[in-house]
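Residue numbering begins at 1 within each chain, and the chains themselves are lettered A, B, C, D and E in the order written.
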Amino acid sequence: MRDISTPQTIDVSLRDVVKHYGPFQALKGVSLEVAKGETIVICGPSGSGKSTLIRCINQLETHDSGDIVVRGITVDGTPANTRDVRIEVGMVFQQFNLFPHITVLQNCTLALRLLNKGTKRLNEEKAMYYLERVRIAEQAHKYPAQLSGGQQQRVAIARALCMEPPVMLFDEPTSALDPEMINEVLQVMEDLARGGMTMICVTHEMGFARRVADRCVFMADGEIHEIAPAEAFFDAPESPRLRGFLDRILPSTAHS
Amino acid sequence: MPTSVDYSGYFQQMLGGVSITVQMLLWSFVISLAIGTVFGILRTGASGVVQIPLTIYISIMTGVPSLLILFIIYYGGSGVLTALLGYDRSFDVSPFSSGVAAIAMVNAAYVCDLVHGAIRNLPKGQFEACTVLGLPRFHAWRLILLPQVFRLALPGLVNIWIIILKETSLVSLVGLSDLVTVAKTAGGATSEPFVFLIVASFFYIAMSTLTVPLANRLERRLNRGQTPVGA
Amino acid sequence: ETLRLGNEGTNPPFSIMSGDGTLSGLEPDLAREVCKRIGADCKLVVMDFRALVPSLLEGKFDLLVGNMTPSEKRREKLDFTRPVLSNPVSFVVPKDSDWTLTPEGLRGKNVTVGLQRGDMNAAYLKTLFGDSVKYRDYDNPDQTILDLTAGRINMLFMPKLTAAVKLIDTPKGSDWKFAGEPYYSGQEDLPADQRGNAWPVRKGDTALLDRVNGALNAMLADCTYTKIREKYISTPLLPEDAACAAKK
Amino acid sequence: MHFDLSLAIASLPALFHGLMMTICLSIFVLLLGIVFSVPMALARMSKRRSLAWPALVFVIFFRGTPVLVLLYILYFGIAQFAWVRESFFWPLFADPFGCAVIGLALNHVAYMTDVVRGSLLSVPRGIAEASLALGIPERKVFLWVRLPLALRYGIRAYQNEVVGFIKGTAIVSVVTINDLTAVANGIFQETYDPLTPMITAAVMYWIVVNLVRLGFAGLDRWLNRHHAPEPASRTRTRKAAVA
Amino acid sequence: MRDISTPQTIDVSLRDVVKHYGPFQALKGVSLEVAKGETIVICGPSGSGKSTLIRCINQLETHDSGDIVVRGITVDGTPANTRDVRIEVGMVFQQFNLFPHITVLQNCTLALRLLNKGTKRLNEEKAMYYLERVRIAEQAHKYPAQLSGGQQQRVAIARALCMEPPVMLFDEPTSALDPEMINEVLQVMEDLARGGMTMICVTHEMGFARRVADRCVFMADGEIHEIAPAEAFFDAPESPRLRGFLDRILPSTAHS
């Protein structure tokens, strides 16, 4: 973990981001700065806007007002700008969302191919490199449905890494997994974090947060209630909401 | 040029055609529903003696154009009936009855598939509960199982209703004075086929479009009480 | 005694299903008169043209009161009454054409002939012209004429009276004319005055045949036939009919 | 009345001729269906009213009208107007084959629009989102991810439509086309034996339809080869920790 | 609880009952005698044949060999015999299996009506009596889906009671229920047991077993391994299998 008080490059910055779904306000002015190489864990009760927040960063949802700057690019919602932002940001979903009809290797190379990056051989080598990194290279020629949930999620991570994005977003990457499989995915994420990747993770895996998060963020009702380094966050939560939340959540995360 | 008087006469005839079309629709639907349901129940039973002819029946009815089946029944039907039942030359296979027979036979096969599927989707516990309570089989089907089967099969049945509506137009090819026949004759006689045919097509569209809200009402009725109220 | 009679219903002026659903036309009117004379209670049933003969053969009808040419092939399965009317087949061609009506004369002229599916004349014409012209098969004469005026076909081969009533004698018939000799597709060895279209019964039903023939002959003799015919058609259809018309 | 085997055999060449017509017509229309149904489905799903509404009207009209009536309208109905006969596309309508193709295609495309739409809608949203998140442009996501997946989800519905459609072609004799049914009808008219030619034709239809079904079963297996057994994935949708 | 050593009427008796599913032997010769008014609890690991056993008693499954005698009727599998047996035996399922399209009251009266027992009024009175007994009379005119799980299960019990069977079978009646609702069903079952009903219950509710079971039966692999009065069963299990089983199961039944 780094000392975040020294000035650093800011990879992702949000200022007063507001998002409505119809009349419902899902984000009520959220501000957050994420430094290069930093690992941020976001947690909070269901419906608090965690997914919405990270989906705004890569513009899967368009925000209504406020500024989002990703690696120097101010998000403005135009198609070209959106594409530029998405190339900077990789994302891993709760439901993996692998392409079921092509092999694991093709899952990893598809985007490279469609964006006309590199030759077929180079792309496959790159894909194999990242599959290796998530320790799943030997499954490269299987179809997603032939893998376990944990393996599928690791493929999803490798797929995102193939685009070599400087920033990675994770939306509850382990919560669709059986307990036995959660750890293998957390392990991969830990490796990434220690490798210096800028990461924003929505997760309730408190063990993971304690081990690798630089800062933890607590959201509720579309607002950030607390931002603190992991130890302080868990051991001395300031806001009563967070305390209540941690009381409810901690006993059931014994496995991590 | 035809006068407007001619037109109104033909439009009145078209109303008669509509009544024939609607009668065909109702008869065909009711009969295919009845036969299809019985077949669907039989298909769920295990006995091979019943399964084999049923499979053949369904394969034929879903593999051969309805029009051809209509022709076979209409042009060949009384001969076959006479041969089968040994009566003497007196079966009247009218366009109406053969139209209803053909359309009902074809769609009974589809209803059978639907009902069969719905029965299989019914929780096994419903059957067991009937057994355990000692309900007589016929009544168990009538009062407990079939109402639930129809609820599950409703969207498919609405589809079949619309298909039958359109298939009734085929009987115009064996000379029944349904809506299409009238439109065709009127068009020939006035040399203005377009008007009559478009009017006919609007009738079919209106009928099938009207079906949707009615089906929704029916669905709500069948679902009565089956969705939790309040949380 | 109830007799079931089959009729087409869509072939004016011989058979007309009118706007209010009643059946009129020469054939039904003649049939009703025949029934009255033989003392039978008749039920006239309208049915698709193609279904008439099979239905008769299967016993759904006792007699067809549609005019039908008694060809060899039909005689194998049916017995025919005496001629009920004479309506030979004729060609209809564009007014400004000068075609020779032979395969050689028509080849390369881009001729398409409209025929009625299941019609005796259709088979005949196809053997006559072979592949020198194109053929198109219709379900009823109305559609044939609609298509002729729409320009999809440019020749008809249909009963002359029908063509006259439906086309040549109407305003839209101004672009068309009859051509060639009237053609009779029945028995060729018959003398011209015995040719004509007749009503079929099932083979061997001679009892009925004799009664109907008797009635028809009587109607021709006392000019009832002519009276009925004049309601629909101005020109005589049979020699006896012509004689009656001349008497007036 | 009985089945006359010698007549059936004698009729085979003519019936095959009719069958060829049926097959040609089907192939033509099925190709048109593939080409036009995707844009139609996209229009129907579009957020732009000016696209969605016409597409909806198209679907309602051409699905709701019986094919028989549609063919009559196209063949006899619009030929009644002189301006149609003088327009440049008259040659298409003047030809019965052209008319039949257009009539059947309009109906088929209307059905296919809903088939394609249903299949596209059944592609999980997350998979399209994942592609977008990878930076793939929307058009390519559609072409390379949603469409291939929709094909897999929609293959059953497509098979039903194709089979239904092939059976529906039996109607084209009303616009003077000599397809299988028309030929069988013609033989019946010549011989006054309805059963033999029609049952023979029915058998031919049955064989064609079942060949099509077999073909689709094979295609289905091939498209879904990625669901081959091996360890099945055990995913759980229930949330892990927070209740 | 009764002293079961004194001679009593035997309501249900099984001797050497064997049942195969294809090649798989689900019951390997089970013998058990249940006295009139006795409450038997059956427990055992999943797949041990508990459901199969009680489903053989009312012939939802036909057994391959051995004797089953229910209230003097020797089960022989003929339709008339089966019908007679089922009239003696009521059954309550894990999944309730209420008829969803008719009201609670109609659920209860349907069988009476179809079997031509009593008039409509008498039947409804009887149904209301039993609905009252399971404390749910005020819901009589609702549809099953409008009730909570626990209420639905109580209706299922009332429905079975309406036939006034001398013997009742329960197959895990509480295991599809949310924890809050389990007790209301157990309460009803307890009332029945104390009221002198002959009952055979498959259940893992050990609190219930302790309070009302006359004897507990432990099944594993298609065989009965132990039959003992409740106290002995829980506090001094003889077979090691049962000890292992109880060790695993007891902590998770804290709520009863």
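FYI, contacts are C-beta pairs under 8 Å (C-beta built on N, C-alpha and C of every residue); 3 or more make two chains touch, one makes a residue touch a chain.
Note that the structure is predicted; figures quoted are calculated from it, not measured.
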Quick check on the contact network: minimum steps from chain A to chain D?
1
Chain connectivity with chain D absent, coordinates unchanged:
A | B, C, E
Measuring between Cα centroids, which chain is at the maximum distance from chain E?
C
So using the touch definition from the top, which pair is joined by more C-beta contacts, B-D or B-C?
B-D
Please tell me the distance, in whole Å, between the geometric centres of chain A and chain B computed from their C-alpha atoms.
55
Would you mind pulling out the distance in Å between where the CA atoms of chain C average out and where those of chain E do?
83
Could you state the distance in Å from the CA-based centre of chain C to that of chain D?
41
Find every residue in chain A that makes contact with two or more other chains and list them.
none
Do you know which chain D residues sit against two or more other chains?
1, 76, 80, 174, 185, 188, 194
Tell me, which residues of chain B touch at least two other chains?
75, 79, 82, 173, 184, 187, 191, 193
Determine which chains touch and list them pairwise.
A-D, B-C, B-D, B-E, C-D
What does chain B use to touch chain C in their complex?
6, 9-10, 12-13, 16, 74-75, 78-79, 82, 88-93, 95, 173-175, 177, 184-185, 187-189, 191, 193
Chain B touches which residues of chain D in the complex?
1-2, 60-61, 63-70, 72-73, 76-78, 80-81, 163, 167-171, 174, 181, 184-185, 188, 194-195, 198-199, 201-202, 205-206, 209-210
Residues on chain A engaged by chain D in the complex (per definition of touch)
45-46, 58, 60, 79, 83, 86-87, 89-91, 93, 95-103, 110-111, 114-115, 142-149, 152, 156, 159-160, 163, 174-179, 182, 204, 248-249, 252-253
Help me check something: in the complex, which residues belonging to chain C touch chain B?
9-10, 12, 17, 19-21, 46-48, 51, 54-55, 58-60, 139-140, 142-143, 146, 149, 172
Under the stated contact criterion, what part of chain C meets chain D in this complex?
50, 53-54, 57-58, 73, 77, 117-118, 123, 136-139, 143, 146-147, 150-152
